[in-house]
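Please find the structures below.
Same chain, two partners: chain A is paired with chain B first, then with chain C.
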Partner chain A sequence: MTSYIARRLLAAVPVLLLVSLLAFLLMQIVPGDPAHAMAGSDASVEEINELRRGLGLDRPWHLRLAEWYLALLQGDLGHSYTLRADVTDLIFERIPITLSIAIYSMLIAVPFSIVLGVLAARFRGSALDLGIMGAALLGVSVPNFWIGIMAILFFSVQLGWLPAGGYVPPSESVIGWLQSMTMPALVLGTMQMGLLTRITRSEMLEMMHKDFVRTARAKGASELRVMMAHALRNAIIPIVTVIGLLFGMIVTGAVVVEQVFSVPGLGRLIVQAILTRDYPLIQGTLLFVASAFVFVNLIVDLSYAFFDPRIRQN
Partner chain B sequence: MTEFSQALRVDLTEDREETRRFLVLRRFFRSPTFVAGFAIVVMLVLLGTGGVWLSPYEATGMDLRNRLSPPTAQNWFGTDNFGRDVFTRVAAGSQLSMFVGLMVVAINAVAGAAIGALAGYLRQLDNLLMRVMDAFMAFPAMLLAIAITAALGPSLFNVVVALAVAYVPKTARIVRGTALIVREQQYVEAAQVAGAGTMRILRVHVLPNCLSSLVVQLTFVFASAVLAEATLSYLGVGLPPPAPTWGNGISDGREYIVEAWWISLFPGLAITFAVLGFNFLGDGLRDVLDPHLPGESE
Partner chain C sequence: MSSPLLSVEGLRVAARTRRRENLLIEDVSFDVREGEFLGIVGESGSGKSMTALSIMGLLPGPVVQATAGRVLLQGRDVLKMPDGDLRRLRGGAIGMIFQDPMTSLNPVQTIGRQIVEVVRLHEEISRPAAWERAVELLREVNIPAPEERAQAYPHQLSGGMRQRVMIAMAIACRPRLLIADEPTTALDVTIQAQILELLDRLRRERGMAVVLITHDLGVVSEYADRVLVMYSGRVVETAPVADLFAAPSHPYTRGLLNSVPPLSEEVEELRAIEGQPPTPGAWPAGCRFRPRCDESRPACARWDVRLVSVDPGHSAACLLLDDKENAHAP
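And now, the complex of A and B:
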């Protein structure tokens, strides 16, 4: 197991190197240069030159690349010009908020969709199956920012049940925090639920035709036991993969949902960085998210080994 | 049915090729999901062409005396904060969405097939190409698209470029997966022994066999591109505001959600409808072409 983990960790190194190179290159493809774009159209030549010096853009690119990597090794992602703070600090300030929405939405989405997927598979072809699958497909097709706006219209404006947006820290009021997080989490969960329900159903259908399920039935195991202990137990690996892949969707979803509900999380920071053309902040947040994505994929791979001992062998 | 099968038998003797195509088409139209998807896509194309043509309004034509009008016989979907007809804007938005979707799919088809087939067939290139693709895939696709449009600036061309870059790696990976299987087949070995060149083997054997998984993937890319384009517009990094994209429509209506819900409602329904249509189409195609492909559409 240890050597397996070590091998997987080593394999992540070249990917991370390329990812950081891509994040560096992003700053180089800006037409003109970032100093021009950041300063705006009514800036004087001196202002632009000063900004360029501040960004280090007056030095050759290979020097900047070397400095970029040197700084990265020290955990330094650069300095935000609009927010006048270190990018690393800004990111770590926002992480708990985004992470809590993400976890909240997964706590809703994962159990629900596994139950729905199992039910749809068990009663394949029935009206229940059709209804669940229709809802699931709708879940992956509907744009989450639109669902968010419609949810505000319904739950906040019409019914007045939940706040239309904003964020209440749990240190201030736990109830207020829960109220402010519920709609974003539900909206973030719609697409996840759709995807996960579909995967669970198709994996379960595949497992239900396997010999070991027939054997379990033949030896008289209860239907619940057949489905849970035999079919679902074997369908769990692809399901876990998808839960891992959902991370990417949650991050993108968070960008949109935090914007809709004015939640000051990591996603809102990225949008803010883009709209104010704060390139060091764009670069830093993207690199952070991509690295986190690589690590989540790594954890997913390692969890296979946990769920399926056969993978550990080779 | 007997008449039908007789007609079929006559066909078989007359023109085998035509019958084969007919039978494949018939298999598609037997799949209810394919039919549903096909119908929705046809309706969208009709909306984009006929709707714009029939409408007496311009998509960007303002009428400030008729602001925020609820749906009426004159303005089927109401008007927005500038008095623009929401129906005309939704119809024109369908054209834009279809155009972006088609362009992204076209680039995906060419680049994804080329990279995937090369990586899958030529082992020397595999590691290099796929590691680069991995790095791109390390960014969530949508986020990569946001980053690229943020760097390049908001425009139709940049949106297409950004979405193409975001989705090509996955398409390439899927084609590579199929190409890896094809290269081990005996007919490929036979072609190699017969002295066929690499390009010929790729063109005649590898690519045609990757076609069905490619087509299925491309339908899902289309669905994702429509959704992503709307999201980019909504976030303010897609096509800039006067353009009647669906995302812009929803974003315009955000401020007026309490007094004029129709501004956001209809473009959102249009997106859902379009994405649902292409997802149906993809599901249907997959059921017919690739029964063993795992179900997934990101």
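And now, the complex of A and C:
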């Protein structure tokens, strides 16, 4: 088990190095650089060049890349140009915010979509199934930002139940924190719910034709028991896989949702870093996001053993 | 004589699609007495499995449904039973085992837990007591070290062991009837005999009836008291096993017997029945075996044939047996 985890973590290293290399090269290709962004539009060429020298951007890119990797080996993600703080500190400041939105949205999405998916499978072809599948399709296809704007119009402007945006730390007010997180989590959860409901339904439909489900019926189990203890229990493995992948998509979703609700999370930090061409911050945040993705998928793979005794043995 | 344990009367099962209705079983009738070993023989598509599922009320509805007839178990019609009664019946008065024991067991539960489930579904009994019972049942079906095996998952057992587990599960609540749907098809030949021996032993010890569905006449000859031969959704012949082998009356039964290698004598060549059985929905008019029958006559296409008595307890559905009595307008 430990050796398996060690091997998996080791295998992640080249992936992460490649991600940061790609991020670095991409920023070299994209026009504009931090000096331009920092100096403003009416700065002279000399001023800009001065800034570039100050940031060390006049040196060849491969040297800068090598330096960045060397620093990384010592656990140093560098210093942000624009926010004048350590990239590591900036990331860790934002993690709790994005993570709480992510977990909150998962807490909404996972139970609801499993219940809806099971119901749709059980009553396949009925009006209920059609309704659930239609809603799920909408959830997947309507863009996050539009749902976000509509949610603001409805819950904040019309009903005045929830704040239109911003962030209240839980240290200040737990209720305020929950209120500020609710809409972003709901909006973020919509897409996940759509996907997860559809996956649950199709997995359940497949399981319901399995021989062991017929055996369960032949034993005299009730339909509810057949569905939950036998069909769903076996469908849970592919469902967990999708939950793991969705967790990765949350970061992408967070970029949009945090922008719409002006929540100062990791997603907004990434957007800000890219807009100001803040190279160290871009590199650092992307590396962090990629690591988180690798880590979550490792957890998912480890959880298979928990759900499936056949995997536990090997 | 007392009334039979199970009495299937004029059973008809159809698969309904939006456009049409395909018959899968038509006018199937037979009885099973207490403690009897009945073999149902037929090729794939003959309706033997559908017959078994009908008895359990387990037809894959809403598409496949029994559209006529009765399935009386101890006098009550299974086809008209409310769900709750049906659930008490399944795993209670009737146990069933299936063809492939690998896929028929839940892969993520220990076998002990799967036996406990059936026990607790039918009896008010504590978990530890049900577990004790599961271990006892595993011992009864000759699983070595049952205490440890109860903790095992299906993938940790061999095919033969898995089928024993299925049998333990099926007999857990002392059923009066055990339906075995091709229980040995997925197993090695040596294991097949062990499983059949086990079924027969349990039948004798527990006095339960066994309905064995198979395409293997050899198996039937050895264990069954009586045989039902099915072809294209109909019963074509039924007889005590000795009579059937001594004097098969339907050309299809004769064809089947000719295609089984006898153990006693050398044969030059086995005679297979020519052609393929027709698929449901494409059944020919009149006798359904007619296109493959060596002895068919023009009249076979015109008349629908019914079972006629050949000897006491032995009947067959063939026009050759008795033209006048047998034939009736379609």
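One rule holds for everything that comes next: the second predicted complex is superposed on the first by the 291 of 314 C-alpha atoms of A that agree within 3 Å, B and C clash if a C-alpha of one lies under 4 Å from a C-alpha of the other, contacts with A are read in each partner's own complex, and residues count from 1 in each chain.
Keep this in mind: a contact is a pair of C-beta atoms (placed from the backbone, for glycine too) under 8 Å apart; a residue touches a chain by one contact, two chains touch by 3 or more.
Bear in mind that the values here come from a model prediction, so they are computed numbers and not experimental data.
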Since both structures carry chain A, what do chain B and chain C do when superposed there: clash or fit?
-> fit
By residue count, is chain A touched more by chain B or by chain C?
-> B
Of the partners chain B and chain C, which touch A:270 in the superposed model: first, second, both, neither?
-> first
Would you check which partner chain A:307 touches, where first means chain B only, second means chain C only, and both and neither mean what they say?
-> second
Taking the superposition as given, does A:75 touch the first partner, chain B, the second, chain C, both, or neither?
-> neither
Using the touch definition from the top, say if A:60 reaches chain B (first), chain C (second), both or neither.
-> neither
Name the contact category of A:215: first (chain B only), second (chain C only), both, or neither.
-> second
In the superposed arrangement, which partner chain does A:233 touch: chain B (first), chain C (second), both, or neither?
-> second
Considering only touches as defined above, state whether A:160 meets chain B (first), chain C (second), both or neither.
-> neither
Pick out the closest CA atoms of chain B and chain C after fitting on chain A and give their distance in Å.
-> 12
Return the residues of chain A at which the contacts from chain B and from chain C coincide.
-> none
Could you pull out which chain B residues touch chain A in their complex?
-> 131-132, 134-136, 138-143, 146-148, 150-153, 223, 227, 230-231, 234-237, 247, 250, 253-254, 257-258, 261, 264-265, 267-268, 271-272, 275-276, 279-280, 283, 294-298
Within their complex, chain C touches chain A through residues 56, 58, 87-92, 95-96, 98, 100, 103-109, 117-118, 121-122, 153, 155-156, 166, 169-170
Residues of chain A touching chain B in the complex = 14-16, 18-19, 21-22, 26-27, 29-31, 137-138, 140-143, 145-147, 149-150, 152-153, 157, 195, 198-199, 202, 238, 242, 245, 247-249, 251-252, 255-256, 259, 270-271, 274-275, 277, 282, 286, 289-291, 293-294
Note: in the complex, chain A contacts chain C through residues 210-212, 214-222, 229-230, 233-234, 307-310, 313
